[in-house]
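Look at the two complexes coming up: chain A is in both, with chain B in one and chain C in the other.
And then the complex of A and B:
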């Protein structure tokens, strides 16, 4: 295909991505380095019959002029990145110097919004991903052993938790584990504690968010592994049997190595997807116990104040986090490409 | 396939079946429970006294004279005008899927038929864009949308969702077009077609399976989006998912949680139908990337 033909074919989609993905990224980076210009204040002295008063007023004209001269705002460099709402370097340094033990240091960190969010985001990402892979693999093996007619039905129901809107799915689970819901009732019956409430306990809230994460993503792992199981070489399995391998050994030494590339694939995709965890926190109404980076951005953007600069800074930090998680995928794609040509 | 030696002992078979049943309950029970409970009053669905109330509907019977009530649905659809949100979601989904498939097919086809180096870099850029959480882009959109006075309208949300959709659509359609032999359009070109004529007359007739699969995922992205639509749309133009989130803000105080429950069930129903009809395509779409990678 000629360059010119390619250009015309690719133009619409390329333009869409350029204007609505690439340009916004540049804009986000710019916004994160500028602060809004503060209003110009003037002090005027008002002298009346009862003495003089100084009044502070906003000089609208001068403010407007200044804002017009610097449409981006005041250049702040990386100042916003290090303020209390983000990396909070001075607070961290102080906590490091004053706290006597690791525990005290982490307790201090937990009061800083960015580190609080990072703690939950990373815990969620790195607990959910291995567990959902294990569950997905177990379901795939079990379903594979079923009768042919049952498989379709099981796959149908298995797809539901994954296909359903994340916010809707998390609400459905949240209503069940609410202290007045069926699962919440059951859990407090098991714990023999009628006042047990999920909303009041941070560890319980984290656990249920992670349970939601596994519930909603295990079907993806299941479907991918199930497809992989269909291609396990039968003759290798047979020769393993002839050599006297037990059922477990067949899985361990034939099946698992065969689907290992798929495990890597699922793990990489899920690490990236879990890193952006956001809807369950809204659905579970969990912001008092758990926040994530995406949630902070959402919170800054919403409401009356719309702190775009703060949101932009967190966005840049989030993108950096995704970039770190993405780098193994990129290396892999690069190697694939080099291998092909 | 199942040779006699591969047959499992009874105990193992029972264990595996039990495991599948437990998983099925985990996957399906929440939906059935919420569907059932959406026809009850709040005191039954969230019962402090006795959890069996949610099944029998004791309070529902004393309030409405029958164990089932459509009060939640009437409240959500009529009183809170949820139908407006449903119409908005339908419009958004139709236009997002149509637009992103149209420009995505052209782009994906071009990527699969051009052997130059930049194809690889374009795909890598698309992969990076795909990995970024859409909400990180929103603070880039808002100032511009406010300046040009386009914030809050459905077309704005549609354009944004189409763009966010493109990286994924391109990857999917690129790998799909790779599977269509190049000889097809090459021979058409030898016969005197331009590249576009070859695409229109030779490729379009055979591309539908891949396009339908990709379209399903575009639809899901548009339908399920919460972060972008809730930030970009004004209150009167909300789609379903932000509307449900807004329900929670107002209804928790008014004691009308059942409106939200009914709305949630209403929003799940189309997805249920979708999985029913397109199960095969969804599964093949999920595995396509995996098998290739």
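And then the complex of A and C:
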């Protein structure tokens, strides 16, 4: 394509990306570096149904003047990035110096919101992603070998978890695993422990969240792999059969190598998605056991007092996290590109 | 007979005509955001009744109101012309300066308001309160009768009664409580902490003061109570706890007055739960005389970033929402402890009235209290699960609060 043609071809997309992707990122980075100006506090007499009381409030006029002088707020640079709510550098350093074993150090880390969230997020990402790829592939192979009359129906039911809104899907599972729900009761019957509750135990809650994650994302992997299976060269398969390859050997040596690029694609998308895990934590009311970076952002914005600076900082850290997670693949793509030119 | 009927219908017509005239709005836009419990639904309906030619009235009543009200009032013109708030959530609106003083509107159109309905801050009316609220005891009289004890007046008595109920095999987890990690758990801590005589901040400053003897005692009492709760207690908010009560699984519970009145009104509640349902005042703890609870008011505000005409329309519509005439409906009268003129306390109000008489402390209206509440909600769950000591949990709360308060310019 000529450079000029390419330019006009790409212009609309480029503009949309600038407005909807680049500009918000710039805005979030700005918000993470500027904090609200220091409040001017005054003692005032406040009255209501329960009588009068002298209380501290914000002096609106004085604060408005300060705000006018600094419309962006007070410049904090990277201060928020390193405070206790985020990377907590001084707390981590102290934990490092005072703890005597690795176990004690990690226990101290788990007490800090950012590292607690990262611990769950990474576990979730790296357990869910391979398992959902395996499950999606298994479903695809199974559906592919069905009689053609059955295929449509089975495909529809296999896609259901992806069709259901994530929040609704997680709520349904949440009620089922309630200690009075059908799955919760069944599990406590199996374990022969009437007090067993999935929602009261951190390991079981993590397991439930991961099971939900696999359940809701496996259909995506299934759809992609099923499409890939339609393109597997029949000649190669046939010759493998003539050579006496078992069914497993055909899959292992013909099908899997053929759809490997799709596996990379699904892995990339799912790594990104799972790193931003959010809906199941809200749906399962799991915040006592598991938090994620996205949940921290939600919590900072949803309190009685909105913490925009803190939320913006966590957002930037999430972007950096995704970038680090994807860097091996990005580096490889770059090398391929360099190699080609 | 016919004359009487005619007279009655003429009277009815006249009252409906005055009800309509009470709105007296010619044009304007009214958009209300607020919480979703029954009393607020009633107020919203009253405001909606003013909709008509050239008058647009919308309500958005949701449990997530405080996540959206500030953002919805910061634009110019603001999306929401009125937010229904409580003494905790007005602070966020005051901090960002998005609500307007109401003195002139009160003088013109607020004739039916009582003085104690006016929330004045530094001499300016910033909100109009319409109901009072508090958390207090609700219990199953039939269950307590079976074990032969009086309704508990202290949390220590509550624990003792819970122990007896479990030992007699009546209920496995007789205590209920909205202990969901986050806002609810923090609120239960606030109650208990104030009951033990604690105060959240060092005198007159924004410095945290929860890592104290009162804080540790409060947490230990909450832990002791949780032993008698459904093991899923950290996921139970007010709605889930009420469901447990309605199902007959709970006999003793600290619950909001605004939800107590309609507690047994749902479908399928067993008869013994309906018959045994009783309301009492809040409990004290640790031999203290202050109730382990907080007093609340709910009221409405008018946005700053709207035209004066819309503000006037909003004020009038909201005045219609809290029209004293609505208290004639017995169903409405029992929904809340109304602060509206002409309210006669119903049986459902005993809990909140007892709270007011016991000099319960109102929820602190401080600019940085919201940050403290968020920090408590996030950091106390570890202690409740037995993962760390009370001292460690409270130290974490103070550290989390301090970081947030520094970010927001209070420290």
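By definition in this document, the second predicted complex is superposed on the first by the 280 of 341 C-alpha atoms of A that agree within 3 Å, B and C clash if a C-alpha of one lies under 4 Å from a C-alpha of the other, contacts with A are read in each partner's own complex, and residues count from 1 in each chain.
Everything below uses one rule, namely that contacts are C-beta pairs under 8 Å (C-beta built on N, C-alpha and C of every residue); 3 or more make two chains touch, one makes a residue touch a chain.
What you see is a predicted model, and the numbers here were worked out from it, not measured in a lab.
Applying the touch criterion given at the start, work out whether A:276 contacts chain B, chain C, both or neither, answering first, second, both or neither.
In the superposition, A:276 contacts chain B only.
Please work out whether A:160 is in contact with chain B alone, chain C alone, both, or neither, and reply first, second, both or neither.
first
Which partner does A:20 reach: the first (chain B), the second (chain C), both, or neither?
A:20 contacts chain B only, not chain C.
Is it chain B or chain C that touches the larger share of residues in chain A?
B
Which partner does A:38 contact after superposing on A: first (chain B), second (chain C), both, neither?
Only chain C is touched by A:38; chain B is not.
Tell me which partner A:178 touches in the superposition: chain B (first), chain C (second), both or neither.
both
Should A:247 be classified as contacting the first partner (chain B), the second (chain C), both, or neither?
First partner only.
Using the touch definition from the top, say if A:113 reaches chain B (first), chain C (second), both or neither.
A:113 sits against chain C, while chain B stays out of touch.
Could you pull out which residues of chain A sit against chain B in one structure and against chain C in the other?
178, 285, 300-302, 306
Flag every residue of chain B that touches chain A in the complex, lowest number first.
Those residues of chain B that touch chain A are 1, 3, 5-6, 8, 12-13, 16-17, 19-20, 23-24, 26-28, 30-31, 33-34, 37, 45-48, 51, 54, 102-104, 106-107, 109-111, 113-116, 120, 122-129, 131-133, 135-144, 159-160, 162-164, 166-167, 169-170, 195-196, 220, 223-224, 226-227, 230-231, 241, 244-245, 248, 257, 260-261, 264, 267-268, 271-272, 274-276, 279, 282-283, 286-287, 289-291, 293.
Within the complex, which stretch of chain C touches chain A?
The touching residues are 64, 66-67, 70-71, 87-89, 91-92, 94-95, 97, 116-123, 129, 132, 180-183, 204, 206, 230-235, 295, 297, 339, 356, 362, 364-371, 373-374, 377-378, 381-382, 384-385, 388, 392, 396, 399-400, 402-404, 406-410.
In the complex formed with chain B, which residues of chain A make contact?
Residues in contact with chain B: 1-3, 5-6, 9-10, 12-14, 16-17, 19-28, 31, 138-139, 141-143, 145-146, 152, 154-161, 163-168, 171-173, 175-176, 178, 180-182, 185-186, 215, 219-220, 223-224, 227-228, 234, 237-238, 241, 247, 261-262, 265-266, 272, 275-276, 278-279, 282, 285, 294, 297-298, 300-302, 306, 308, 311-312, 315-316, 318-319, 322-323, 325-326, 329-330, 332-334, 336-337.
Which residues, counting only chain A, touch chain C once they are in their complex?
35-39, 41-50, 53, 55-58, 60, 63-64, 74, 76, 80, 83-85, 91, 111, 113, 178-179, 195, 197, 199-200, 202, 284-289, 299-307, 309-310
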